[in-house]
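Step one of this worksheet: look at the structure below.
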Amino acid sequence: MDDELSINIASAALICGFFALWEVLCLLLGVSDLILPRPSDIVATLIDRFPVLWPHILQTLYTTLVGFALGVGIGVAIGVLIGVSRIAYGVAYPLLVGFSSIPKVAVVPIFVLWFGSGTTPAILTAMVICVFPIVVNIATGLATTEPELEDVLKSLGASRRQILWNVGLPRTMPYFFASLKVAITLSFVGAVLSETVASNRGIGNVMMSASSNFDVSLVFAGLMILAALGVALYVVFSMLERRVTGWATRKNDFAVT
Amino acid sequence: AQDLTPVRFTLGWKTQGSDAPFLLALSKGYFREEGLDVTIDQGEGSAATVTRIMGGAYDAGFGDINAIIQNAAARPGEAPVMVYQLWNRPPFAIVVPKSTGIETVADFEGRTLGGAQGTPTTRMWEVFAKRNGIDMSKVAIENMAPNLQEPMMIRGQIDGAFVFNITSWFNLLANRQDPAADYNWFSFEDYGMDLYSNGMMVSRAMLAEKPEVVAGLVRAVNRATLEVAQDQDAAVEAIVAFDNLVNVDIERQRLVFSLTNLMNAPEGATLGMGDLDDERLTRSIGIVAEGYGLERAPEASEIFDRSFLPPLEDRKLTVAIN
Amino acid sequence: MTVQRPIDAAQPGVDAVTTRAPKAVKLENVSVVFGRGEKAVTALAPTTLDLEKGAFLALVGPSGCGKSTILKLVSNLLAPSSGVVIVGGKEAKAKALKVGMAFQNPTMLPWLSIERNVMLPLKIVPPYCHRFRAERKGEFRDRVHALLDKVGLTGFGDHFPWQLSGGMLQRASLCRALIHEPDLLLLDEPFGALDQFTREELWAILQDLYLDRRPSVILVTHDLREAGFLASRICVMSPRPGKIISDRAVDIPRPRDIGLIYQPAFVEMTQELRALIAQVRK
Amino acid sequence: MDDELSINIASAALICGFFALWEVLCLLLGVSDLILPRPSDIVATLIDRFPVLWPHILQTLYTTLVGFALGVGIGVAIGVLIGVSRIAYGVAYPLLVGFSSIPKVAVVPIFVLWFGSGTTPAILTAMVICVFPIVVNIATGLATTEPELEDVLKSLGASRRQILWNVGLPRTMPYFFASLKVAITLSFVGAVLSETVASNRGIGNVMMSASSNFDVSLVFAGLMILAALGVALYVVFSMLERRVTGWATRKNDFAVT
Amino acid sequence: MTVQRPIDAAQPGVDAVTTRAPKAVKLENVSVVFGRGEKAVTALAPTTLDLEKGAFLALVGPSGCGKSTILKLVSNLLAPSSGVVIVGGKEAKAKALKVGMAFQNPTMLPWLSIERNVMLPLKIVPPYCHRFRAERKGEFRDRVHALLDKVGLTGFGDHFPWQLSGGMLQRASLCRALIHEPDLLLLDEPFGALDQFTREELWAILQDLYLDRRPSVILVTHDLREAGFLASRICVMSPRPGKIISDRAVDIPRPRDIGLIYQPAFVEMTQELRALIAQVRK
């Protein structure tokens, strides 16, 4: 669609504009590169150090994705439980809310003490940090499912499991995908957090050692990499989302008619 | 390779030049020669080394003796034991920009100092103030993360900072400052607080169950330490082999700094590398107990065990910078 | 042609044929009250109703009298506030009968195409559900398309619900109620949004199907001719809170022809019913 | 309702059971209190130190709530923008996802350098950390609003703003409340994070100094306080949610009929 | 009594009265196609239609022929694929007229009570919207309740939409279309889910309202008697893709009485229409 294309171009232009503004403001206000380096600096560093950074990127991507996958699985399971059972709602919600209000920085050292440093605590942190948003959205989606839709299956004598599979979960997909966007960014944060505390590899470790050397542009290069990875995964989920929840966003199809 | 004993070892912080003894011993296979399969991980602070070992995740590590004292006081028989003292002089210092006009410790009054909570420098401030007749109530202390101290000092948000000189010196360099010309350094050792600091410590369990492993560790580290003092090129190579992200120039300088400013105490000539003076240790235990408000002052023997040290003639450190 | 018997709602009229037949549905003194305290709304006053196996019952009555409520009771979407609902000899929740239901509002699952929506019962109801994976692109698909063709929705199987007009949705909903050949068919104004011709076509289709498989049927409708043409029994309900105030048999032999509705006797029957309803409205 | 009551009792019992299990496991496995103190230890510390902790609790609650309120405002604004405008969707989403994938630990020092240590960076951190989940859920809620509902207003010639106020936003409330649950926990994490980096007050500061004293049970007491505050605020929002989005969860009313 | 004029859809029949009157609605060669390429569905073939100010037009035709589509075009919920839609002398999106619309599916906002739902137009449409805050608990509330009383929903103002039966919702939806006294009334099968008596009552109410304020009305219905009783003009559409194939005036003087529908002339008219529709279905 021509319309689609021009919107994409406009978006890309505005995003470039954002970085240009950053660059120009830094130059004009004379912001020290020790506080906030200019994008051009960061990109230069990125290109320069890329060969060294590459294995760390892979490591972080790996721990994040594994943790995220586990987190999604657990999140969906708990979310379904909470959405379906009143008791689970009363028990699991307060515990989860309490646990989520705790900064994960405080939890990572415990993981390290139990599992040693490195990949395992990073995966665990990425996992625990992303469970809650998924649980909340799945549970809300299930709780707000229109009874009329469930009645269609109930009248056929469907079991609760069948109703869940055929009505509850499909209906909850828009909620689920919304939570995935939040969860994936949190997973990155979690994995990196754990790496800064205890790991010899990963972007978190790079950023920590860079920041302890005041190599600020390398720190920001790390941040850029994280941002880019986050956006890349977001794009993947968006495409999936468009396929799966197209029925719920049909409004947009007609905005251009 | 099957009969190697696995040892989990934690550094005090991210890879730094001053870790060279351990990394060289690793890369040159000195541990292996002692029958040890050592895995080295980066750390979260030289005090956390103690917790990591007490928690059982690590068998040995490079960390702060003062943290051992602290834990030994509360949990006798659990805290790790120092078996090879590396930094015989304390890196603890207060650094102030010359532009603040602070020339003597008395000038601290009416100023704001920044400190990272829980670092020995910050914690010892009370004792420091008492010993040097400073009215503590007139000095404002602001808590902040270690890597914020220098930037905030440069921006004038604080007048000085409680630091480790080996860290802060290079932080200032990285911030394009001249640490020698533009800053005044109040080193704790010059103000009646000649504390010990980092060294290699091992867990109680390993000490009790595998003394031969401890002996091997100490031998290997001692050998590497002496070598590092002679050949920094090899040391830097070992560092890069462990972590290719480090800034080679800075870490080399940091290594030299540790050799010339921290490891060369006058007593080294008589005691040799790795050993320490029990009297001085007892004195410093007193300081720590006072500074941290400990319930009891542990015995020196609870903190340090010299029984694994090689003979004195094998521990003669001669520093040659190349 | 018809016999009107004003009856006591608590002891519904029972003619010779019906007493002997086994019951598909039995409502015994069933009432439904929504909410509690001051705000309580009685949706259904205590009602007793029997449906013989294989009977075709039409339920007529003013808006809001509780017709949909009765269907929801029978399909166990609603629990009675008092009384018991027996379906196929067991309590309604036991699901002893294969039920097909067309809702008043043709609710389609919005994420499924019309074809998949209509196929739903085959996915859920035994014995079809066991073969569902194997057949959903084979036999079952053909079956769905054949039914869609019958109701005039050829080619709309791969459309989504929001792409259909109101009447088309209603026809799709009817297909969903029929696809699994239910023993008990609950139809809540299934032809309300259709024009007269489409409606009459579907009457004929429904009658064929009824004659073919003889399910028990409850049809809610506002169209007295529809009730007369299709049903073997017509129950009239009073205004809210409704109960059944008339229960009459329609003894016209089947198959019935559409021309029937213009015959004087038939017109007379609908007029009678109309008069009865007019009377209870006051 | 009796039913309600018995479910609440069961939930409370299970939550107590969780803590009892923790206590017993610690005792049985002989877990060192350096790694994981027992709940009884923690509670003892909490009671013991409460007078000292109180002002810190107030400080953290204050920064969190202010930051959260600002974050909700900004989040709703951006969410509406994204939900309404295609260009905003294309521009703001990638930027936000990128920014959210960055651990906030890396951002706090910049705030501290700009605004000094203490309350301001804590509020800012609490704010930025909670914006994203709100944005995502508001935008998803708006995007999935049934066109039929909007048609009701459109046919009256309502302006886009009127449609937003009368249909889009009310319809989005279940999504919004789901995101609030996530956002408030993140706000706590953000405020505490900032306090650990640079502040003389607040639970984060307490936990930092406790952990440097190896006073693990005080660290856990801090975590408990955070968890309790999180749960308390969650309860407040839940009550609000029940009032505001009751229409969407009517299913549950009938589960007990 | 009536004049049937088979007409060319591109040049709809125009009688003496209608040419002189100003137009409330003008569709000029308007067509609607959904989707593109292979999957394109023509919902409305090119259609031309005029509605005089103050006229009452009934639109009948088979299910899926595009009746709802025409209403959506006029209320600017849909943009035509070709042609122009003029409402009140301007393009439809200019909203030159105060429009009241009752949807085929009586969509109520589920978070508002019936009272608040019905009150919605008063919140949106000038001049009411300016007084909304002041009056929503005063005059406007009384007005809503008076209207709800008229359609038989007394006491249901504080209920929520899901607490009403299908027919009750439809009546509430009708109230929402009427509450702000629109100039142009678009009614999409507003009585489909109602029983005959309620329906006839509402016919009378609607006729009173029409005579009182003379809005322009387009009524979509499947009930030919309803069309004949209410409308001054009846347009018949062909099956999908629909276009208007007959446009006839109903010259019965108003007010019309409900007894009318049993008069032979009226019955004859409906029979004629019926025959016409039967013919175009083939």
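Quick notes
We just call them A, B, C, D and E in the order they show up, numbering each chain from 1.
Everything below uses one rule, namely that a contact is a pair of C-beta atoms (placed from the backbone, for glycine too) under 8 Å apart; a residue touches a chain by one contact, two chains touch by 3 or more.
Protein names from UniProt, one per chain: A, D = NitT/TauT family transport system permease protein; C, E = NitT/TauT family transport system ATP-binding protein.
Remember, it's a predicted structure, so these values are computed and weren't measured experimentally.
In terms of the stated touch criterion, the partners common to subunit A and subunit E are C, D, listed by label. Steps from subunit D to subunit E, taking the shortest chain of touch contacts, total 1. By number of C-beta pairs in contact, chains A-D lead all other pairings. As a whole-number value, the distance joining the C-alpha centres of subunit B and subunit C reads 85 Å. One inter-chain figure worth recording: subunit C and subunit D are separated by 49 Å, centre to centre, where each centre is the mean of the chain's CA atoms.
In this assembly, the C-alpha centroid of subunit C lies 29 Å from the C-alpha centroid of subunit E. The residues of subunit D that reach two or more other chains are 35, 113, 147, 196, 245, 248, 250, listed in rising order. Listed for subunit E are residues 105, 162, each touching two or more other chains.
In subunit B, the residues touching two or more other chains are 51, 55-56, 147, 151. Listing the residues of subunit A that touch subunit D in their complex gives 7-8, 10-12, 14-15, 18, 35-36, 86-87, 89-91, 93-95, 97-106, 110, 113-114, 132-133, 136-137, 139-140, 143-147, 150, 174-175, 177-179, 181-182, 184-186, 188-189, 192-193, 196, 204, 207, 211, 219, 222-223, 226-231, 234, 245, 248-252, 254-255. In the complex of the two chains, the subunit C residues touching subunit A come out as 72, 75-77, 95, 98-101, 103, 105, 107, 109-112, 120-121, 123-125, 160, 162, 176, 180, 186. By the touch criterion given at the top, residues 148-149, 151-158, 162, 166-167, 170-171, 173, 245, 247-248, 250 of subunit A touch subunit C in their complex.
For subunit B in complex with subunit D, the residues that touch the partner chain are 47, 50-51, 54-56, 67, 70-71, 74-75, 78, 117-119, 123, 141-145, 147-148, 151-152, 155, 157, 292. Interface residues of subunit E facing subunit C in the complex, by the touch rule stated above, are 34, 41, 60-64, 68, 104-105, 152, 159, 163-168, 171, 188-189, 192-199, 222, 224, 274, 277-278, 281.
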